[in-house]
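Here it is, the structure in full.
All chains are identified by letter, namely A, B, C and D, in their written order; residue positions are counted from 1 within each chain.
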């Protein structure tokens, strides 16, 4: 019977789509709640829907724990599931609802804890297989991408310190400290450019121009890294396919001819 | 005679260029009409040109339906054409003109329906062959690109919900609800940065910086996907060409040597 | 003797660098002239430098025409040079100076004509060989890049027309006509986002978000096209090199093994 | 003994991490000092920390000089180290502290010299090996990237000169001279778009749109260059690996089969 439940929870089309839908409706509810007029008039509905969702997700969580041992009553597998990324997300997504019943906690803390409901969105990834390619690429390029981010960070520290000393006297409010200058550096290097902080001195403009141009380069760098990883992956897949199709060996040394 | 007409409608250089030109003039007219001074003084001209265009496009549509059966009076092919993308565009581009004669409809609805004339622009693609490569690439990478868009969407939901809770108290007008915060998320992740909404709290600025940096990564991801598809296409074309040129087979197993 | 002059004009290191320097000084002078205080105080110097430059460039132009016939007095070659891109640039860069002596022309026209002096910057490319790779890549990808630009243009027309009808009633000044909406479309699709025009209605913001996301895609498309062209070029160069190094032929059909 | 010290300075895990930490704390101190309230209250702490850091870095510098001669008392190697990039950075990072004791210099000069402490950040790269790939790629593509920057620069000069003549009469303050127009060109070509300067005339908007579109292209160009360099590097590494694994030679000419 446990096998049937496990099968149902993991692969039944309608159940999976029901959970999908419930998660999305939860996110929509969280967004709608932020509209004051809606929140005032339909508070009872949002509360009811929250209770309904938490009950469903709680049952789902308990069932998943229960069915997680594939080989007879293996406690190890249950613990493995409970501490897996998805298991923790499942738990964190429901626990804030129960907390106020256990501890007498501040209402403002509750408000923040309610945000954990957002984590339910990650439950969507359990059912999705197409995310794998992108996750594989990001994993492959992790070390180069993190170096790029480190270099960008160093660049930001350098340029925002310089910018602070250049602009502070002319714009003491906008560039009150290096933290403010760092905000300018982010907006410039990522080419967002909100326009709330920008240099006004010639030297500051020069530095800003150089940083913006370097910013273009730092769009190019991760792009190049990711592109090459994608291409490598495609070529590897082709080779695997070729091997599977059978291969012709070199008559002289017995090795495979590409 | 039908064959001649079909030939004329599809391949006659001057007719094709005439339709091209008429479509472009229609778009220009639609743009010029939006200038109040022009619209006031030359309304009669815009109306006359609209009637002229609709007559031409209507005749073209009827003729295309008529000649769409290549094998004698095959009704199937006519229906196929009528329900093809181009056939539907052809119809929608002319029908808003006739509607007011059939139903007594509101003038404001007519104004919106007139926008369908814009669809004529897609008729240009009928004659263009160079769009094919780009359409092929987009089709090849559809699944990865749509996952990227989904991930971007999830990221936007997460960051705009967080941003709403962070900035709402300091900027109750700019971040009145999560919808407003979503508008900020779009402007930041796409690095547009209009500058009408931006965080002012240190925590909000931190989140904004992280989102903007991730935004750079999400320019990199589709670029990598599309680049690799282009490169794969070029390599496939080369292989096809090689095959066409004749190939040398392995003397031991008879398989083609790359 | 003509050969010696041709050699001097085209390959003498010091002469080439002198012309380089003079062009750059001309551009700097044009920029400095735009500063009112400098222009008022040093007008005589700018005039003198302009006369000096024009004299040098005129002599250079005449000499280049004179030495352009490699095979004895071949008029064809001279005409070829005079109508080559570089020849025309050489001429246009000096002619505005002489025009006022020939025709009595308006001073405002002279001011505009003086801008042609900027064309001298393109003379720099005569001496540069490293631009070739980039020019080759742009030429190779010309058809795909121009299609991309056409698609971007169509997208802009569509979105700016829609945006005009969406935003006109709420912002009659910012979105007075489709031309204004087009200015918004450019700022959004290219992710520049000056912040002088942006939608305020929910529908407008939705459209703006979609357009900005598509904008990211249209950064990806030309990048993919250009990347693949670069990679193809490198691979072709490797093949050429291999061929030059000598190659092993297939013992069965005589064809080259890759 | 000198060998032991050299080993300790270059490879001892705890010493290396201590220097790492001290550099990062120095940068953080520099940033915190810029906050007026912190600087006023904790000036004594910042000064003490500065003295402590300089003492450590000075000792480290002297020790590094001392141990830089691997073969017995080779003065050459010491001088080589002293004039290597890292050696100079080590020196410049500590020297501003000692200068006021030697020369009686202006306090404002000291303030600028203190910025050299930022250079300590580059000392981090001594211990990092993962930066090598990115540095290798940037070195490989240096000539093409610098040409791209040159082309961007020419484009900026051209467009800002044009923009100045187009917009000067309508916005004499924003576009007071070509330098101001250059600031607009940077913000547009890099798609930062702060929004402090933008064209208002139709002709200016047209030029701005063209420049912004070209800007997209100039994001694509370095990306293509860097992507292809990454891919080439990966393919070369694969070949090397193949060679190392042993290779099958062509039985007819003795050459390696790929």
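Just so it is clear, contacts are C-beta pairs under 8 Å (C-beta built on N, C-alpha and C of every residue); 3 or more make two chains touch, one makes a residue touch a chain.
Remember, predicted model here, so these are calculated numbers, not experimental data.
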Repeat of the A-D interface, chosen from C-D, B-D or A-C (over half of contact pairs identical by residue number): C-D
Copies subunit B and subunit C touch via same or different residues, half shared test: different
Rotation, 0 to 180 degrees and nearest 5, that superposes subunit C on copy subunit D via CA atoms: 90
Rounded Å distance between subunit A and subunit B, as computed from the means of their C-alpha atoms: 29
Centre distance in Å when subunit A and subunit C are each reduced to the mean of their C-alpha atoms: 42
Multi-partner residues of subunit A (at least 2 other chains): 179, 182, 187, 191-195, 219, 223, 225, 227, 231, 257-258
Subunit B to subunit D touching residues, read off their complex: 191-195, 223, 227
Complex contact set, residues of subunit C against subunit B: 143-144, 147-148, 151, 154, 157-158, 161-162, 164-165, 176-179, 181-182, 187-188, 191-195, 198, 202, 205, 208-209, 212-213, 215-217, 219-221, 223-225, 227-228, 231-232, 250-253, 255, 257-258
Residue ranges of subunit A in contact with subunit B within the complex: 27, 30-31, 34-36, 111-112, 115, 118, 121, 124, 128, 130-131, 133-134, 137, 145, 149, 152, 179, 182-183, 186-187, 190-196, 218-219, 222-223, 225-227, 229-231, 233-234, 248-249, 251, 257-258
